[in-house]
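Consider the two complexes below, in which chain A is the common component and chain B and chain C are the respective partners.
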Partner chain A sequence: MSTLPAIDRSSRFKTMRREVGRALGALVIALLVAFVVVLLTSKAPFEALNVLLTQPLSRPRTIGLWIDDIAKLTVTGLAFSLVFQARQFAMGVQGQVYIGALAATYVALSPLGASWAGIPLGIAAAMLAGAFYGFIPGIAKAKLGANEIVSSLMLNYIAIELCNYLVRANLPKPQAGVLTTNDFPDSAVFPTLVANTRIDLSIIFALVAVVLVWFALYRTSWGLKLRLVGHNARFAEYSGIKATFIMVSAMTASGALGGLLGSMFVQGQTYGKLTVLFEGGLAFEGILVAIVARSRPLAVPIVAIFYAYLRQGAQLMNIRTDVPAEVIGIVTAIIILLVSSSYSLNFITRLFRRGPAASAAPAAAGGAAK
Partner chain B sequence: MALLEAIGIGKTYPGGVVANDGVNLVIEPGEVHAVVGENGAGKSTLMKILFGIEQPNAGTLLLDGKPVKFANPREAIDAGIGMVFQHFSLVPSFSVYENVVLGSEPKAGIRLDRHKAIAEVEALSEKFRLKVDPLPPVRTLPVGQQQRVEILKALYRNARILILDEPTAVLAPQEVQELFVAIRSLVAQGKTVIFIAHKLPEVLEISDSITVMRQGKTVGQVKTREVTEKSLAAMMVGREVSLRVERKATDQSERVAAVTGLRVVNARGTEVVAGLDLNVHAGEIVGLVGVEGNGQAETLEAITGLRSIAGGDIQVAGRNVSSMSVLERRGLGLASIPEDRIAEGLATGASVAENLVATRLNDPRYVRSGLLDLKAIRANAQKLIERFSIRVGGPSSAVGTLSGGNMQKVVVARELSEQPKLLLVNQPTRGVDLGATQFIWRTITDARDAGAAVLLSSADLSELLALSDRLIVLYRGKIVAAFINQPDLSPETLGAYMLGLSTQTSEEMQVALK
Partner chain C sequence: MMELFLTVFSAAFFVTVIRTTTPLLLATLGGLIADLGGALNVALEGMMLIGCLTAVIVSVYAPWYVAVLAGLGAGALLGLIMAFFAFRLKADIILVGFAINILAAGGTVFALALATGGDKGTSINLQSKAIPAVDLSFLSGIPVVGPTLSAFLSGHSVLSWLAAILVFAVWYFLYRTPWGLWLRGVGEYPAAPEAAGIPVNKIRTWSLIVSGALAGLGGAQLAMFNYVGFTRDMTAGRGFIALGAVLLGARHPVGALLAALLFGAFEALAVVMPGLFNDIPAELIRAIPFVVTIAALVLFSIRAQRALALRGVK
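Moving on, here comes the complex of A and B:
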């Protein structure tokens, strides 16, 4: 009996190593493909790759962009992890971001926004609105059997257009015709942590959110029930767990995170105001982060670090070289394919066991993280 | 000369599971050759190799003395080997003859020659005494007939060697006899049959020779007339086994569960339980007998609270539970071992500890103000792993990494860690090896001896006869017979009622329906 816990621990360690190996393997292969694509599309491929791999660290400002991306990708990654762990394929984070941002904007531009309450109230309003927006597809599924993928995607469009309309028609603007609201008062904008960069309170909120989601999933009975529903909903019902309640509450909690992300966008240093289509598709990239992190909240920020780096590198490559940013879309697609298909996973682990590729993985990963 | 010979077959699956290790098999022409062994002994892998689904890592196959290699089932079929799987591969909406000829249709120009196809199927079924009407869609046939369609499919493709993978697992006793008649007629006409099984009496009845497998190796090949059930069981398990269960005399006066006029309607609107009256008393095991799909599973689910009822009343421990949630019913002392442990009884991705505590998430020992007491959960798992001797790395290993028998032990451990008042059991030992079967039977009997009322459903009649105090036969959701279990009660007697061939009068039933 005494040796059992040791076996237990070592097997857990092995699983972790395997998972990390998988993620890194996916990254290496994705970079290789990116390299090939750049070779084919660029006149100066090595310069382009150099930009992709090193430029995000070139200046404090670009480092700030990277950190800001990490914060946002972490939060959307957490939101998706939460619903994925309950095996609900709700795709509504984007809509929750817009609804949350709208709520935060109304608070920030009200008299309250100019007081000390601008930040906490803005965040609270955003999270509440996001939670409500996550609750809708949940309750629609529970009561009406509506497919959550379809309903949440449709709600995304509604949120985007609603935001669009309110910015044009309702919210105060500096001048007619612009597609942004007035700047928020300073008291409603997250203060920077490092001067002259975009590193603001967002990263703190993101880290707090990681700990909270981890705690909720692994230390509370709600989290255990949620995971059991995700593993096997029939078993959960059989055990006496109310699977529909868990499902709806998971989607609601995930919505609150989506709302938080909305507030991070508009109240953060990036904007400090609401503009149409501010989110730029980032919310959906949480799917990738969650998949690579296997919906583990503690792995989400780590994946976000790597992915945000690639994302920034790609944007800089787009600006400074002749390679289009779409290349990174291809890389993203490859990562998703590699990590989510079990065939490729076995293929990668076999590759590692054979030897030569094993040394390439840490080296390349180190290169990306440098 | 042997017809088919396997020499030193080795098969290691990716992931390092050794399924076959130096397996030898010699099949003589015109014999019925049984391959027996516990679950996980490597029988299925060997058959998949013979049929070309899996490729061996080592060893050779000889057909008519010449070495052969099958890269896929197509090549095996062309060489005259046919296989009938446990799970049929039929198109439910196609007619019988369409299923038989599918893929090798007789053509008239580019059209399917229906008349020829029907005639050929009729001729085949006549020749081999596999009676089946070629015209109705397969989904309307009972399981036994579907199996015949599968056999006809193989024969239509000129199989000389027919592999039957646990063919009797899904059949009622009478259907088994019909299958055996067909097998004998196949052999009489020069076919060779390989028969995979784990029910020893059937093996002894039908086979000419037997190959015994254990843990991926062949233990030996014997002539059927030279062995007994006991010696065969000992060869399979590697030690003497007793399939008897000792039971105590118990006080069976207290009525724990009372079901009156229960009606259950399934999603398609069919009435699957049609007015069931049933009592279960403390200290007794009541066996629900019936061919699968005659309302046993639905009855158990209705009592557990997983299926809504269309009428009637369910009382547990004197309280009407009809409108209670699963958790409230469990609170009254109801425990349940479900039919399919992977689909229903476990979360295979979650850890052993989490599975063991899943039904107690409102118990203050494990959850206080919404927070998990991880120490207590782990200690509970540690305790149950020892008490039920579950072979596992530790409490945080995923349940999915366990063998079938150990998974079932996790379910049993969770449900019986505290003495239940009413225990519902459905197929407790399906796909479980002999060692674990003994253990699970013992555990259920212990719960009964300690005063639990047990309602047991099983497709295995020998299990029902070994464990039950009373037996109730269901046919189309109604009780058609009831017996007090006595040594002279035979599977054949039950079988006649299971197939709806006869029905007891209510006076006859009354004796055993207390």
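Moving on, here comes the complex of A and C:
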């Protein structure tokens, strides 16, 4: 009796070790490629690399930025994990962030925002709005078969333009012409957990979200059905699961997470107000987090810790050296390519022995650096 | 309202529509070829963007046609990378596509900063070249219809004419050559061509290379004719709209042309409308092409479902 769980545990441990090895291998390869790019383009490549790898820990302030990024990347990673587990490629987290942020802003700048309800209502409004925005591509796919990738991407652009418009023309501003709203009242801004840093309630919300998503996926029948639909939608359908309902609910729940992220952006210490284009491409980086974490909610924050560190390192490198922060895009792309493919470390060595085929990965960076 | 009608039915508006349609059409044809080969190419956006930047930077040092070829080559190379990871290393092609998009979004800004010496917004201080327009003003010598003909046909980019020819070429390739049949077979049911000894992965690889080349060509048109120079994220979702246009065009080259024209017309409207209606906010006008894409996608899906229901398939 006791051997079965033991075998299960040891094989699970083996899988985990393999996955971690693959992820770290991909990280090393990606960093090597990035380093080659920096070496070719920078006047002080070693200093740049040093800043990238050590500076996020240099001051309490930078550590705060790092933790803030962990919280945000965790939530976007969870949002992508949910839809990826159902094998839906809904790419709408970015749009949900903007819509959620707008909803939170309207609450925060209303009389309610100045009361104790500013934070809970702001979050609730953001999550509802995000859920609605995630529901649209879901229902369009379930009822009409409209491709969810295309519709969710279009909704992203619409949300960004809507946000631009409302900030410019509708929401109260400190002075005409600026593209930010008034600062939110203190009661609507997440309080800091550590003074003089950006560490605020966001990280708590992110951790709660991790536990909730894990519980929903692995300890409820909805989660079981969702994973079954993800593995084999037709089989799930035959066994009496309403696959379309599961798809729509997965996208809606993921939308609520996207909305939460929107509220974390505007109600967090970073902004405390709504500005145009505040998200800066972070939402899409959840794809990397979800893929490296194999869409496992409990692995998401761990991946987010590493990736947020790199992200902050790149920002500091941008400020202190001549290497633009966008070099991190190359690292991100290579990690996604390697981790989502069936590469293994043996495969890489075999490739190098064979020669020409191995040039494909560095060519990715070379193509961009042209 | 009257002014809008006058604008829409003018030759100048027609020329604008062709200009806005061309990059979309090239990307849509690229998406179509990948889609028929069984791969949804979500990387069109990134391929276009890298095509834009490559074309702009090469055009500083080389004649315009070399720059256009460089844009095309950059797209093709990305297609090859995509195929390598998707088919050789068995990665999910949609994730590979998004990796390329992320690479393009960051990589182009990085490369732009290097090329301009620190400017991360535009390539305004690079002397990049433009694709020449084809001048057909001699047509106005024809009696009666001459001036109209010249007004409508003159002033289009060389690539616009090429794109029009490519619609026919792609149609011919798909429906009149054995390779086109193979490609469609691979997309429809890969096991059958595999059994018949057709090299499935090779065909898919080539379809992605061609797809990338067409998207890169679209990028060259965007950055060397529609706008001269590179701006960060200048494709602004056109690659994704092209994906929608593939589906809307019923996965046929002529349908792709019509769908691209539809989206091009709405983009052109978004270009001329701010001058006509001051009270409609520019942001909402800019959102029109995206709203139209969703509406078109939904309407098309309803139609496709009806067709399936008629055939008795559920």
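Some notes on this structure:
Here, the second predicted complex is superposed on the first by the 338 of 370 C-alpha atoms of A that agree within 3 Å, B and C clash if a C-alpha of one lies under 4 Å from a C-alpha of the other, contacts with A are read in each partner's own complex, and residues count from 1 in each chain.
In this text, a contact is a pair of C-beta atoms (placed from the backbone, for glycine too) under 8 Å apart; a residue touches a chain by one contact, two chains touch by 3 or more.
Just so you know, these numbers come straight off a predicted model, no measurement behind them.
In the superposition on chain A, contact is made by A:Ile287 with chain C only, not with chain B. Legend: residue contacts after superposition of the two complexes on their common chain; A:Leu226 is shown touching neither chain B nor chain C.
Applying the stated contact rule after C-alpha superposition, one finds that A:Ala169 touches chain C and leaves chain B untouched. In the superposition on chain A, A:Met154 makes contact with chain C only, while chain B stays out of contact range.
Of the two partner chains placed by the overlay, only chain B lies in contact with A:Arg234; chain C stays clear of it.
After superposition on the shared chain, chain A has more residues touched by C, the comparison being chain B against chain C. Within the complex formed with chain A, the residues of chain B that make contact are 14, 304, 306, 325-327, 330, 336, 338, 343-350, 354, 357-359, 361, 367, 370-372, 374, 386, 393-397.
If you check the complex, the residues on chain C that touch chain A are 40, 42, 50, 53-54, 57, 74, 77-78, 80-81, 84-85, 88-92, 94-96, 98-111, 113-114, 118, 120, 236-237, 240-241, 243-244, 247, 281, 283-284, 286-287, 290-291, 293-294, 297-298, 301-302, 304-305. The touching residues of chain A, when paired with chain C in their complex, are 41, 89, 91, 140, 144-147, 149-151, 153-155, 157-158, 161-162, 164-165, 168-169, 281, 284-285, 287-288, 291, 322, 324, 326-330, 332-334, 336-337, 340-343, 347, 357, 360, 363-365, 367-370.
Those residues of chain A that touch chain B in the complex are listed here as 1, 4-5, 7-9, 11-12, 219-225, 227-228, 231-232, 234-242, 346.
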